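In structure tokens below, several structures.
Each of the two complexes below includes chain A, the first together with chain B, the second together with chain C.
Then we have the complex of A and B:
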């Protein structure tokens, strides 16, 4: 349904294409400026850093395509009392609220991120084997799952406090920190980006694997973190709908 | 735009600023969270450049760690003073007809918007103070406090606001001609990001980019006030910078009055 609606506005495609190009362009410009002054940043070369940019764009595109629009609609439904229509359907409510909307044009960000990744991976090809690509896939799936869970938990808070769009805005601000490897940050921030909003798993670990330096303990930790996040999100969701009083109350 | 009695205009500004101040103070939590979201950007840049400086033996582009910290801590305040009326917002202002109400009022809507954002900055500044204290404790910025710099900073930060407000206001006029303005806004925002000193101090850009920045208004809105406060400019440079701000504000103000007349002519021709 969301797909059909979007197709009507083809001009949005060009606007989104331009926005993606700008995001990619400024990202690359920032990397280029940094490497005018140094050869290595926290152990990353410039080509390796392009993988971080690529993963960040790709995961950001995933969030904007599938997660943000659904969470936004969930918050709106809670505010307006229209969530009851969804909750009374004979299917899993968490699944339903997570797949109602698709903002298709944001897939362009996924493609541009993928483009940056392919560019970097071809330059690092001699260190990459099938294990790296598989590890990368696993890391990206885990990272995306973790981010989905964080946003779902934040949106579920809307059951209690109604207006959580500021929390969303803050999370988006935090997500920008994923544009650079977490090793760059001071320790307190690195800790926060590993355990609180785990961009370390969502962006840095996938970028590491596709740069040819799979850190197996970190990859295992990413899988564990994704599992914990999925369980936590599920529990918070169940708690949320149990406490949801609906429009009739 | 200039026909009003200056005394009534002054009281209008006071009233407009009060509205902006009260709105942002009323939604304290919202304002505070937006501020925290703002914070990540400079903290990211500061971390990256500190890492670069360390890799280069403690200095990069004439900045040591303390000066980089000073740059990005003051950055947060300047960022607040750089917020202005979003050019995209003209689209719904035109579409939902609210502009008609503003057009029928005796005072130009420029003053309404300009004073509103002035007041909102006072509220934001109050909430910024504890954040600045925390940032100072964490990052240990080195600032050579000097009364002349502090005084000129107060001029430069408002001058920067005036220039940026006018840049965005002129850009907003595009909405009178097309609803696809967002493409242009996106490009200008990207240019501003690089050539204002927001992403990185301009000294760290390649020479050609520094030359290009000299032809744009952006450095006077962003990097200039920062450099005034952290003490990287001598008095002559600071005064010259305030002069540049005044010149840009004047030029953009003139441009705005011309474009505004054309925009309203077009609006009245199409709108009825």
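Then we have the complex of A and C:
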């Protein structure tokens, strides 16, 4: 649906491509500059840090492709009362509101993130076995699921307060902090980033696994956190639609 | 079989934040909000039988939409119960949702940038409509509503009336047994209204679809519904035949006499609404109608005499103003 609509605006493709290139370029430049002054950053070498950048771009691309547009649409629907229609359909409402929109061009970010990862992975190939790739895949899926849940929960707040743009903006800001491994931040902030917005799970843990440093307890924690997040998002969603009164006409 | 729609003692109370104007009050409300309880729907009970079309009338803010939202599972009632096709609607059972439809004239359901047919396909997938049934219904519905040539145009390029027709097609695609129409003809021109009405009537007759309809256009109601349920300020005022509405709420009938030789003074008979040399229209109390009619016939050479209920619009207006 969203896909067909996006095709109507082909100019977006080029703009998005440029955006993505700039994001990747400045990211790599920043890493290059940092490593002019030091060999490791919180225990990460420069190549390893490219994996962080890659995961960040890829997961960010996923958010921009699937999560943000749907959550934005959800907010608008709550505001305009058109969510009524979604809720009178015989399909799971959470699923329905989560898959209506696709911002296709943001997939370019996923591709360029993947590109950065492939480049880094070939450089680190001697450390990586099939287990690493599998662990990486698992970590990325868990991380993305966690982020989806956080955004869904935030958007569900729209049922109560109608406008939650600010919350969304703030979350996006925090996600930007995931450009760097959480280890570089001071301890108090790290705790916040891990547990309030589980950036560590979404970006740092996958990057670690693809750098050949699988931290099994952390990976297990990521799986647990993803499970908890999915359950929590589900409960909050059900609570939300129970409380939804709709914009009265 | 039980009636497809049963509301028993439906009540919905909203908690509405109260805030006085002014900066000080706004700041205060950030910390402590005061609430006021608004009873949108109070103890409303009615039943709709299978294959019936019932008009749901009431002034703005009477609680019509709130009631419909409870019946379609969008709102939990504060008290009371409702059954639609045997289900409590707010449990939102998928089997129930597959068998009902909701059309709201003031809200868009179809994807703005896409042709209607794409939205129909989405519905087809969600409701699991088989290909052959889907094709047959689209062709038939589009033909009846005269929108076949518009199916591949993006919704945003359609007129309000064309859009509404598409909304109705979308709502009927899965062959719902109960349809809730909330002001389906709002903002449409007379031809469009008539077409939509006819379509609803056909669906009712041919497929036995049960319809609950709200509208501010009396023409809609009198063309489609034989029975009406009237609510005002959340309470049920009337439930019965449309024809009985006038009897109940209007204490007068009108008598129209075509004659040329009536006496000038008619004050003993009724209130004169209109008088021309050839015709007099009188408003007469309901229980004096036959007496007045015979006196008129005795007093003059009458070429024609008609006793009529007052126009529905006037009755409804009276109902609404009385209940305030």
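The definition used in the following text is that the second predicted complex is superposed on the first by the 246 of 249 C-alpha atoms of A that agree within 3 Å, B and C clash if a C-alpha of one lies under 4 Å from a C-alpha of the other, contacts with A are read in each partner's own complex, and residues count from 1 in each chain.
The definition used in the following text is that a residue touches a chain if its C-beta (ideal position, glycine included) is under 8 Å from a C-beta of that chain, and two chains touch if they have at least 3 such contacts.
Since this is a predicted model, take the numbers as computed values, not measurements.
Placing chain B and chain C on a common chain A by superposition gives a fit, with no clash between them.
Applying the stated contact rule after C-alpha superposition, one finds that A:170 touches chain B and leaves chain C untouched.
By the touch criterion defined above, A:38 reaches chain B but does not reach chain C.
Of the two partner chains placed by superposition, only chain B is touched by A:30; chain C is not. Once the two complexes are overlaid on the shared chain, A:87 sits against chain C while remaining clear of chain B. By the touch criterion defined above, A:201 lies against neither chain B nor chain C after alignment on the C-alpha atoms of chain A.
Of the two partners, chain B and chain C, it is B that touches more residues of chain A.
Legend: residue contacts after superposition of the two complexes on their common chain; A:105 is shown touching neither chain B nor chain C.
Look at A:179: by the touch rule set out above, it reaches chain B but stays clear of chain C. Of the two partner chains placed by the overlay, only chain B lies in contact with A:15; chain C stays clear of it.
Here's the short version: in the overlay, chain B gets within 9 Å of chain C at its closest Cα pair. In the superposition on chain A, none of the residues of chain A is touched both by chain B in one structure and by chain C in the other.
Chain contact summary for the complex, chain A toward chain B: residues 11, 14-15, 18-19, 22, 25-26, 29-30, 33-34, 36-42, 163, 166-167, 169-170, 172-174, 176-177, 179-180, 184-186, 188-189.
Residues 29-30, 33-34, 36-41, 43-44, 47-49, 51-52, 55-56, 60-61, 138, 180, 182-183, 186-187, 189-190, 193-194, 199-200, 204-206 of chain B are the ones that touch chain A when the two sit in their complex.
Residue ranges of chain C in contact with chain A, taken from their complex: 14, 65-66, 69, 72-76, 92, 94-98, 100-102, 104, 106-109, 111, 113-114, 118, 122, 126-127, 182.
Remark: chain A residues 1, 4-5, 8, 80-82, 84-85, 87-91, 93, 96, 242, 244-246, 248-249 touch chain C in the complex.
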